[in-house]
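First chain A sits with chain B, and in the next complex the same chain sits with chain C.
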Partner chain A sequence: MKSLEVQTTPGTLPASGRERSKSGSWLAYLLMSPVLIYLLAVMAIPFGWAVYLSLTNKVVGVPETFVGLRNYAELLADSVFWKAVWNTLVFTLVAVILKAVFGMIMALVLNENIVARNFFRVMLFLPWTIPTIVSVFTWQWIYSDVGGVLNALLLKTGLIDSPVGWLATPDLAMFSVILVNVWRGIPFMGIAILAGLQTVSKEMYEAAMLDGAGAIKRFFYMTLPSVKEVTILSSVITTIWTLNDFEIIWLLTRGGPDNGTQVLSTLSYTVGFLNMSLGKAIAISVITLPPLIMLINYVTKRSLASDK
Partner chain B sequence: MKNTLGKQITVYATLALLLLFALFPLYWMVITSFKSNGEIYSMTPTFWPKEFLGTAYDRLINEKGFMTNIKNSLLVSLIVSVFSIVVSMLAAYAISKLKFRGRSFISKSILYAYLMPRAVLFIPLYMLVTAIGINNSIYGLMLIYPTITIPYATWMLISYFKSIPDEIEEAAMIDGCSRISTMTKIIFPLSAPGIAATFIFSFTLCWSEYLYALVVVTKGADKTITLGLSDMIVGDVFAWGPLMGGSIVASIPVIIMYLFTSKYMVSGMTVGGVK
Partner chain C sequence: MKKSTIRWITAVLALILTAGCGAGGTGGSGSGNADPGKETLTFWMKKQMFEEQNQMIQERAQQFGEEHNVNVNVEFIAYEDFYPKWSAAIESGTTPDVSFFGYQEVGQFYAKDVLEDVTDLVGKVEKANGEIQDSLKASVTFEDKLYGVPLWTESTALYYRKDMLQAAGFSEPPATWEEFREMAKALTDPSKGIYGAGLGYGKGNSDAEWLTRAIIWSHGGSLDTEDGKIVVVNTPETLQAVQLIRDIFIEDKVTPPSSIGWDDSGNNKSYLSGQSAMIFNVGSLAATIKNDNPELYENTGIAMLPAGPKGAVVPGISNNLGIFKASKNKDLAKSFIEYMTDKSWYGTWVENGAPLTGPIYKELAAEAVWQEEKNKGFVDSIAHFAFLGYPGVYNPKAGEIYNLRYVNDVFQKMLLDSGFTAQQAVEELQAKIEALYAK
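Moving on to the complex of A and B:
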């Protein structure tokens, strides 16, 4: 370890060492070049170009002219845009909180000494593994007005008197899309928190129990602090994903009814591909970037810090 | 730690509720695919098919489109995953084992690329493939899917490679091994399980992708399985039998792959950001 570090730290070395570190650098860039060139050409440059196009009146199939910040001004004056902002916040906040709470419950249960624990872990993980589009269709069928099992069950148990249109009114539709997102997302939180829980020592618990700490006290003073980090980090990652969820909402409601579930990602798609205003559609994405970058920065800082 | 009876009951009851919530939709998907149309659309749903029928699957197989969708998805997912894993292995080796200027900037950029959502990137990527003229074909997807898989695979592999002690490599280098041969003969073989798991996850990411496919491919012959499924909905008419059957067909490969790698699932997910 040491000998290598001496050889590869530039500046403080004899000439031969510097030579070698240079060739090490050269080799590193050679090995990374396919990835770097690809990411630059297919991700970074098109992205920069797109940001420029958000300052134009680009429409599909027509050359663009520069319009400055007009797309942004129009968006900020548009009530549908603000509705989408609000819906995005509601959708994300409610979904992430529910996923964190149920993920925590899932992790606590799986951390207990239960029979066939690995089998149950895999079973509880299944909703996360299947393609999103499959979970959407399955839930759409469960919500269905005709033959839908959710209404049938609730009617049978007497919880409702008449069938409910789960996707028919704005509020219910919001509830329904959140439920699908939560169903899919719990396993990720659960498994991440479980990994954190498994690093907590059993001895500590036993000592606390001997001292007479009750279950609730032990949870708040021992369990929760020890998985706080991992819970926050996986919640932030989940927030990034939820903030940009497109498939569940698009396939279930198309942002409707009456824009009741219109979020920024579905609005961006609608404006770009149904109204063909690509410039404005990109502007919607660009507006979401500052909070997104803050969240991503948080994750990179945490993950890279724990690498060292 | 002795569990009291009350605690045992709470734990198992909670587990039962979680399992019910997680698995009921999947159960419903499976039994619907075997029901007759009459049974599917009856006012009171049945919780076990009166008779197991294969009609939904017959329709899927005979409708040529769906088989083409599966073939396209297999092709795109395989090619993209193979390409991604190869280039990511090289990059991840450099980032995890070599010291060079700009290392932390590059590893940060990779993580950034991994976390950058598709909802932000789909229009730039759509415009790129349109500009090149490979929109409306699976080649367009082959070009852009690595934006999902490369950052992911590189990030995962960095963690796997880092977990191999440097001393092993040093010993080999003292014995006269070159950097390249320690990489190919020591680091890669030792990380084989991690590489395989990363490959499988990359495959499932491509297999399940919908948004990019939706904006890039509109022509029938090049559609992937996710587009094929959404095409089964015509207007407001849902053919639930074939739709659920198709959903199962789309899920089986990913579920099998996850079962094989479930051992690495936890470590894979936790090293990938959630430390």
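Moving on to the complex of A and C:
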């Protein structure tokens, strides 16, 4: 049977193919249109409106007036805003690094054939499942200088001679809120890395051991490269969540003392809902968008790349 | 579709999802069983500490609905959740018909022109039930018109542990702020974890805002204006009061170590645990220990706030009901407020909240329950009430100064930074408040 040969230039389609492709893409757009309309209605329009409001002097109950970039200029000249930017960076960076390190340790331990492994897996995953409000109130009690367990332990062991006000000075308060965030975030990192570890072949480790590779060498040359992708991805996702964290700080310190734990999310809430300056509050949120968009784009890019 | 397009859509969608950083809900409750054929009145009420009072409000509202053949939807909301709800409701045009308002919010919303003038309604309520305390009406009066109907009052009082004072050689609570300072020094023993002055300055702490004003006002100082225009914060009187507070914390060290991080519950916990010998609080604490710890209740003395060189000045707290201009049922809303302030029912409701919820009617303040040893200090305080804006009359800017927590922020700075003097604190407050008045 004679085969039908169609000559085409690389990268182009014959006319009938182009038509099929054209009608196919129209069909694709048609099928996607409900989702696109939905996205436009719930996201693009409110987002555009929010950007517009950030360029106005909008306060609750009063019609807005366009003020251009005044909100942004005022924010850039405000020392509290810069303090919040700095605090956001410190809070996010320190918390993410600690969560990645301890998450890795947790995953490595839970990947070993230890006694009651499933029990420990459940226990270590618990902090992530407890509602934030419950865990924050528990931590408030832990930090309290009146019957708080942390002070009691430190006093008993003689490490301190009088109770410490964990939320009473800016540095200690920052340390305390980071600790709670890390405590809550470790399980996500741990489980994500553990899932990655489970895909690493046991035979590879056995072969490496036969070749005389020690535990440290196995970790750096086999384990780490195997879970690099999942660690990076989960770290970026955690970074996005940490940048947006509001509840832990709000419930523990409300951004104090002396704005020592004031981050952009708490500042935006304070300015918007307590001071009722919606225009300025939205401007704060808009300023935080570029790094978030970059991070999310990075995550989706890597996720889709790994699907190829 | 191109992968890059999908990527961007995913990115923006995820952004929307991750941007939702709001706190939890309000825990409100509706009356249910709404008949779609009837008019509906929506009422936002502050969730009271005593469940019995909430229950009474719910039943009373239902009764009103039955008598007037309407649905009444009552939502109980925690105070801290009101601002986001009001803001969203005003912006979306979905305000309730009747809402609770602290007097500072009445001022704030009056300035935004979203509240209904209720002068006639207050007149009707008084005609039917007797005179309402003048100070309470004054706090919601702007340009000779009332924009809220007082519903109950709260007072701040001094709580002290009788046994600790006796052990330190004191038979009476402090009558002046200087005496308070001296007694706090005598009561403090860090080796036993006991501190004389349970004062807290955590960020957003409203107790601290009120107490600081009480001390400043009783020294003749101010955090506002006399005439609504010229800010009179930077005065020797304000400085004297600020210096006193600074000395109590930094020189005397008679406050618990964590008190600069306390929220509003900090002083309660400190007093209940025996850490602080003297604290300042509204009646909620008395009600709690009466039920939960009768022994401590017996050992607790309650007195009016100490006086300064200009006498005792107590920051008044007036809680009101108001009607939004956007309400579609204004007449029904007015009838509802009349119904809720009817003395025959109201007297029992307010008594169930004693000593936290004080009565608005002068006549009810003379009732036996308010003359009891531990309740008297609260109603006696009403005569010494001063409101935001003091020594001038209350105005919306004064409410904004309170809501912005300028006092709290500046005092935290002063108490954490030993190089930041009382004079600098007063100057910073003057500058911040001037800038606000200039807007």
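The definition used in the following text is that the second predicted complex is superposed on the first by the 267 of 308 C-alpha atoms of A that agree within 3 Å, B and C clash if a C-alpha of one lies under 4 Å from a C-alpha of the other, contacts with A are read in each partner's own complex, and residues count from 1 in each chain.
As a convention for this text, contacts are C-beta pairs under 8 Å (C-beta built on N, C-alpha and C of every residue); 3 or more make two chains touch, one makes a residue touch a chain.
Everything quoted here is computed from the prediction, not taken from an experiment.
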item	value
Superposed partners chain B and chain C on chain A - clash or fit	clash
Which superposed partner A:E112 touches (first chain B, second chain C, both, neither)	first
Greater residue coverage of chain A in the superposed arrangement, chain B or chain C	B
Touched partner set for A:S285, first chain B, second chain C, both or neither	both
Partner chain in contact with A:W241 - chain B first, chain C second, else both or neither	both
First, second, both or neither for A:G147, with chain B first and chain C second	both
Which superposed partner A:L251 touches (first chain B, second chain C, both, neither)	both
A:M276 touches, of chain B and chain C: first, second, both or neither?	second
Touched partner set for A:S226, first chain B, second chain C, both or neither	neither
First (chain B), second (chain C), both or neither touched by A:N57	neither
Touching both chain C and chain B, counted on chain A across the two superposed complexes	25, 28-29, 32, 39, 42-43, 47, 133, 144, 146-147, 240-241, 244-247, 251, 265, 269, 272-273, 278, 285, 289, 292, 296, 299-300, 304
Contacting residues of chain A [partner chain B, same complex]	1, 3-5, 8-10, 21, 24-25, 27-29, 31-32, 34-36, 38-39, 42-43, 46-47, 49-50, 53, 102, 105-106, 109, 112-114, 118, 120-127, 129-135, 137-142, 144, 146-149, 152, 183, 186-188, 191-192, 194-195, 202, 205-206, 209, 215, 230, 233-234, 237, 240-241, 243-247, 251, 264-265, 268-269, 272-273, 278, 281-282, 285, 288-289, 292, 296, 299-300, 302-304, 306-307
Touch list for chain B against partner chain A, complex	1, 3, 7, 11-12, 14-15, 18-19, 21-23, 25-26, 28-29, 32, 40-45, 87-88, 90-91, 93-95, 98-101, 103-104, 106-113, 115-125, 127-128, 143-144, 146-147, 150-151, 154, 162, 166-167, 170, 179-180, 204, 207-208, 210-211, 215, 226, 229-230, 238, 240, 243-244, 247, 250-251, 254-255, 258-259, 262, 265-267, 269-270, 273-275
Contacting residues of chain A [partner chain C, same complex]	25, 28-29, 32, 39, 42-43, 47, 59-62, 133, 144-147, 162-170, 173, 240-241, 244-247, 250-251, 253-259, 265, 269, 272-276, 278, 285, 289, 292-293, 296-297, 299-301, 304
Footprint of chain A on chain C - complex, ascending	1, 3, 6-16, 18-19, 21-24, 83-84, 86-87, 90-91, 108-109, 112-114, 190, 193, 201-204, 256-261, 263, 269-270, 273, 275, 400, 403-404, 409, 412-413, 416-417
